[in-house]
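Labels run A, B, C and D following the written order; every chain starts at residue 1.
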Amino acid sequence: MTLSSAEFESLMDTIRNFVQKEIVPLERPFLDADFNAVAPQLDALRQKARGLGLWLPQIPQEYGGMGLSLVEHGHVSEALGRTLLGHYVFNCQAPDAGNMEILIEHGTPEQQETYLKPLLNGDIRSCFSMTEPENPGSNPTWMSTTAVKEADDYIITGHKWFSTGADGAAFAIVMAVTNPEASKYKRASQIIVPTDADGFRLVRNTSVMGESGSGWASHAEIMYDGVRVPQTAVLGKEGAGFAIAQNRLGPGRIHHCMRWIGICERAFDMMCDYAVRREVAPGRPLASQQTIQNWVAESRAEINAARLLTLDAADKIDRLGSYAARDDISLIKFYVAGVMGRVLDRAIQTHGAVGLTDELPLAYWFRHERAARIYDGADEVHKRSVARRILHSCI
Amino acid sequence: MTLSSAEFESLMDTIRNFVQKEIVPLERPFLDADFNAVAPQLDALRQKARGLGLWLPQIPQEYGGMGLSLVEHGHVSEALGRTLLGHYVFNCQAPDAGNMEILIEHGTPEQQETYLKPLLNGDIRSCFSMTEPENPGSNPTWMSTTAVKEADDYIITGHKWFSTGADGAAFAIVMAVTNPEASKYKRASQIIVPTDADGFRLVRNTSVMGESGSGWASHAEIMYDGVRVPQTAVLGKEGAGFAIAQNRLGPGRIHHCMRWIGICERAFDMMCDYAVRREVAPGRPLASQQTIQNWVAESRAEINAARLLTLDAADKIDRLGSYAARDDISLIKFYVAGVMGRVLDRAIQTHGAVGLTDELPLAYWFRHERAARIYDGADEVHKRSVARRILHSCI
Amino acid sequence: MTLSSAEFESLMDTIRNFVQKEIVPLERPFLDADFNAVAPQLDALRQKARGLGLWLPQIPQEYGGMGLSLVEHGHVSEALGRTLLGHYVFNCQAPDAGNMEILIEHGTPEQQETYLKPLLNGDIRSCFSMTEPENPGSNPTWMSTTAVKEADDYIITGHKWFSTGADGAAFAIVMAVTNPEASKYKRASQIIVPTDADGFRLVRNTSVMGESGSGWASHAEIMYDGVRVPQTAVLGKEGAGFAIAQNRLGPGRIHHCMRWIGICERAFDMMCDYAVRREVAPGRPLASQQTIQNWVAESRAEINAARLLTLDAADKIDRLGSYAARDDISLIKFYVAGVMGRVLDRAIQTHGAVGLTDELPLAYWFRHERAARIYDGADEVHKRSVARRILHSCI
Amino acid sequence: MTLSSAEFESLMDTIRNFVQKEIVPLERPFLDADFNAVAPQLDALRQKARGLGLWLPQIPQEYGGMGLSLVEHGHVSEALGRTLLGHYVFNCQAPDAGNMEILIEHGTPEQQETYLKPLLNGDIRSCFSMTEPENPGSNPTWMSTTAVKEADDYIITGHKWFSTGADGAAFAIVMAVTNPEASKYKRASQIIVPTDADGFRLVRNTSVMGESGSGWASHAEIMYDGVRVPQTAVLGKEGAGFAIAQNRLGPGRIHHCMRWIGICERAFDMMCDYAVRREVAPGRPLASQQTIQNWVAESRAEINAARLLTLDAADKIDRLGSYAARDDISLIKFYVAGVMGRVLDRAIQTHGAVGLTDELPLAYWFRHERAARIYDGADEVHKRSVARRILHSCI
């Protein structure tokens, strides 16, 4: 879809309105209960969004999506990120969004028919099963899960955790070592495993920051106890697991960073609104305090900078591809996560005690988005890799 | 009790052992369930501790306590702070510890008999009901709850929240305006209200950082709907509410700051232990990373500094009283809370994903000790008040 | 001049080459002596630059400049900022650049003939005389210098300092109160004062960070002891002093911020180059240290963000004018100054002892660019004013 | 000398008065000129101080010093650190103070007679010549300067820089490799070299932060072009160079850290004084700004913490020796240097433009004490070494 800038602005208005009027009101029931409790309402909202053409923003039109560029989808992701549930309603939530893209690019017609179609349709959910408790996420090539060939099948054995949304998912894309003798980055494959396969065992939804969660909003520990799947379940070529994952990283990073910026903007608005309404003495609003003013100004500068940096990376990916933009993709990871951490911290401090309660989404983000500095490669990993490339180019 | 330095060191060894062997193992059941679920085991442990003389460390011996100085109690508080449940087991947990001290200093013989005795004995719990949702905690003189005289009684009407441990408490000490015409700091009184009084309504345990909690580990919202108590329920003189609260502040601050240092030390140990055990590549521990080394060194310096600063303030209170030490008491509030925040953040980042889970107490502290920069006067309030005194002295 | 993007890139290549090959080599003589000592060589270089069409980049073509947009000039300013003397060579150095723009917009034909023409030609220099030692720069309306009418003249009396480049300047633009009864922002006028006027007394070049400097690279304290100038020396309308100053602020801010980014890029390159060349042990370059890597990555992210933020503000000024962009203009002030401070600090720390010496320009920037957080409104002033506007819009 | 606490307080009062009344007034002439220009006045002041018994505070009484413990000397060093010239006046300035201690502990009677005596007497100055431009200071065992035996002599060849106070010094203590085949820490020796020896060439006083300085306040680059000294010029045993240097480190660190705290206290006082005197609007002092208040409170907390940490390390050295306190000695290095950096930065920002000028010592400290994070081992080196020891103890 090639949208004129006026058309795109109009689309963004529609989306912002929908988020504010339709999705934000579902936050409190979600915070008071859990995902499964609000799932029916969310599914009704999904139908409504879809009816308005607000569905699969990042997916090509031939697959039923809106066909937005990465820059355009970035803006949408920011708008959706303002609420805890925005991406889910538009069916562009992680990890399903990423899985859709993998299936579009690497799925066979059969895989697309069986897995992609219902996923795009919002009929099923999926998960991505990569991280292992025994091995460091910072070193993705160090992996213990194996897929051993036996006749026409793979027998998958391994232990995974932090598989987001596995609870209730129809299938998992599992990263497993298929070629242990190959060079480091060619050892693993991505394999589709239906969650009702024998030997697939969801041990538990890991309790994270005090909550086990449910459904999409959960992170499962999974045992693969000799799960048998046909070799046709592999995605792309055997041994291409990392290459596929790597390729997905750019768009996924834009998705997350712009979502974080949406969180920042909502927290910023809440901070400002509270500051002008809350009085520290009769007639003297919190907003008159210079410390609050400092936080407002610093947050505004940092959020603006974070957005420009992320959109610039998105534009580079749109124009030149993920590989050319790999430094930018690393930089925004830690930079934007850092901005979000500081903005949320200031918003909570401005609110005082109420900022700690579940009256507002701030405390939810504070505890669950702490993960932003850890998942998809900890800040330290990204700093190191981008610095090494820069320094190497100086030799 | 006047302990020689060798005797005190031996006492501390006993306490540290007890904490490690007896209390720490109860953390996981607590994290997996809630306070009420582990209350029976905790009460059994209380008996054991009491049997060893480890009971009421900060309370004078004539009241059945250990009679430690504030500096000595500071060390104990650090040792207990290493675990989520340490202070409760020794019956020196907030807010009961503070309430005991108020009752000792200001309670009538009848009040002491009825409320202090069972509190010291561990038979009941209590709460302190001061903060109001509609009024800023940063301005404690701005208070809406009133206690109006009627015959020999007070009729208390108001709305409080963040009354820690109200759930299951036998009585509350309520701060209410009794003298609305008096000067700012002489308007309010502290009044004892049994929680089974008519009109005392525990609305709910406020959900804080995703958890409503239970029992001691909860923060209640309370309506006082015309609660009637006899005027003999006032603590100290009418209008002395702030003076009493102010006086309690010094020892309470030492208690919390040393508890936070205990948290820091435990988090520091966990960070170091994990760093030497976890490998980022075969044979290459996380501890070999310079970033981790920076965090270890910076944390060690900051924790040491925080401890010295807090013990110095405690010593000043011991020698000269809370008033003379009021600057120091403000300084440690924000300084030590800041150190704790940074140390917990580094410890979690070092652990990666597991640091976010409830396998370890780190995530609990991360979310619940965020409050340290807010309660008892937000950092910003303390900075302002100490700075004003310093600057005023320069005129 | 409307340049295609390819033409502009080619221009930028020319400029970058000129800076590197021609201007950078003059840094050492400048650092070893002072401005006046290298002035002859600089003037020769100016001729060379001018011969290549590299002259007055921000000035309209009809006035003999290159007629660049603010965004384009931003890029040029970054390229020139890489060296201590870049802007001077292209005759777009502060404060002359700003004075030229004021004279173009507000100067009478006579003023333009007498002052603007030789300024554009590089025959004279000028200064801007606004800051007063007795009054806070953060409150520009609080001003003691007066210009009192007498017959057809003004009699100017006052005390100024930090008049950059007054030493050797042909004239000063002096901010003085002409209408003391007018409303706050309409009291002062900008008046042209030749430096050879009676009563104009350059007291001294104030010693700043250990150096009094000379010529353009100095900051003078000036007494105006009843200086008499004709009333035709006023710029624009009487009382328009602040309006004119305000209007100049946007482009001036872009100039400085992009110059600071040029400093950042040079310091960044020096840091990386040194890190790969310097060994901490035989065969083990400094670049292998993770702390250095962290600094490289963090600096890269922050510099990129600073540039995008500044160019975005420049684009807004180009499209909508300074008033519409006033928040952005405030935000980049403190944000970019902060980035520069951190990048210079890391570059020096990476170099160790040599970073403190005058072998490199780092130490010069470290001490003299500390002023960036102070002049043109301290960071705190900008934070406050932008925050107040944002917060006001939330009421 | 064993001083009662009252006697010590009285001594400290005397010292503080002397510093304020006698030494501080010499700062401006020093800042306006250089060390050599004020040397005669300083020497007169030295006589006056000595007459009051304020001489060599850290040196044992049998050598003519005051015989203070390290904790006591720490307090003196803080008092002297408030001014740029304090330590020099009491003849306890680096590097002479350290050289005296080395000569006392390791000097032969002849060395003591020739070098120590006039040094203690203030008749000569000395320098310590260790750092080499070609080798990293972070790795002190990597050293190129050699002392080769020839008959009864050493022939010293090498290139040193940052030899503080070499200009005008009577002798240098030179670190040179005497035993290239020995194990890493036993290769070098400390050798006394008279500065009038043949082949000793002071190349220049390196320009540091814009100033070459002179006399004691300078840092020389020195060539040792085959300097011949008798083998009796070695200090202690051959190969003991590092052991001697290491041993000196503890007291030297206390000296510097307490000096930095003196700088902090002076800067803090200046910041507070200026804040209450300077008005941002008529009747509205700078001190009313919350940002300033934040800086005052944060600085107060950090300076107090820094002092307690340093005195605690000093006490540990006094009681247990430098080796037992080596972690503490590393921790205070980077912690106190960091505090000083922040306090100076805030003091300058509070002063605005005047803080950048040489009206006040702030700008001098800002530029010259930047070195604090670099010399005697960069912060990063100390962080790494202390962290490694801590982490190693966890294995």
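Throughout what follows, a contact is a pair of C-beta atoms (placed from the backbone, for glycine too) under 8 Å apart; a residue touches a chain by one contact, two chains touch by 3 or more.
What you see is a predicted model, and the numbers here were worked out from it, not measured in a lab.
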Required minimum of steps from subunit B to subunit C, each step between chains that touch: 1
Any chain that touches subunit B and subunit A: C, D
More contacts between chains, A-D or A-C: A-C
Interchain centroid distance [CA atoms averaged], subunit A/subunit C, Å: 43
Rounded Å distance between subunit C and subunit D, as computed from the means of their C-alpha atoms: 38
Gap in Å, rounded to a whole number, between the CA centres of subunit D and subunit A: 53
Residue numbers of subunit A (touch at least two other chains): 289-291, 294, 380
In the complex with subunit B, residue positions of subunit D that touch it: 269, 272-273, 275-276, 287, 290, 292-294, 296-298, 300-302, 304-306, 308-309, 312, 327-328, 330-332, 334-335, 380, 382-384, 386-388, 390-391, 394-395
Subunit D residues within the subunit C interface of the complex: 31-32, 131, 133, 136-139, 142, 161-162, 206-211, 278-282, 286, 289, 291, 348-349, 352-358, 363-364, 366-367, 370-371, 373-375, 378-380
Interfacial residue positions of subunit A with respect to subunit D in the complex: 289-291, 294
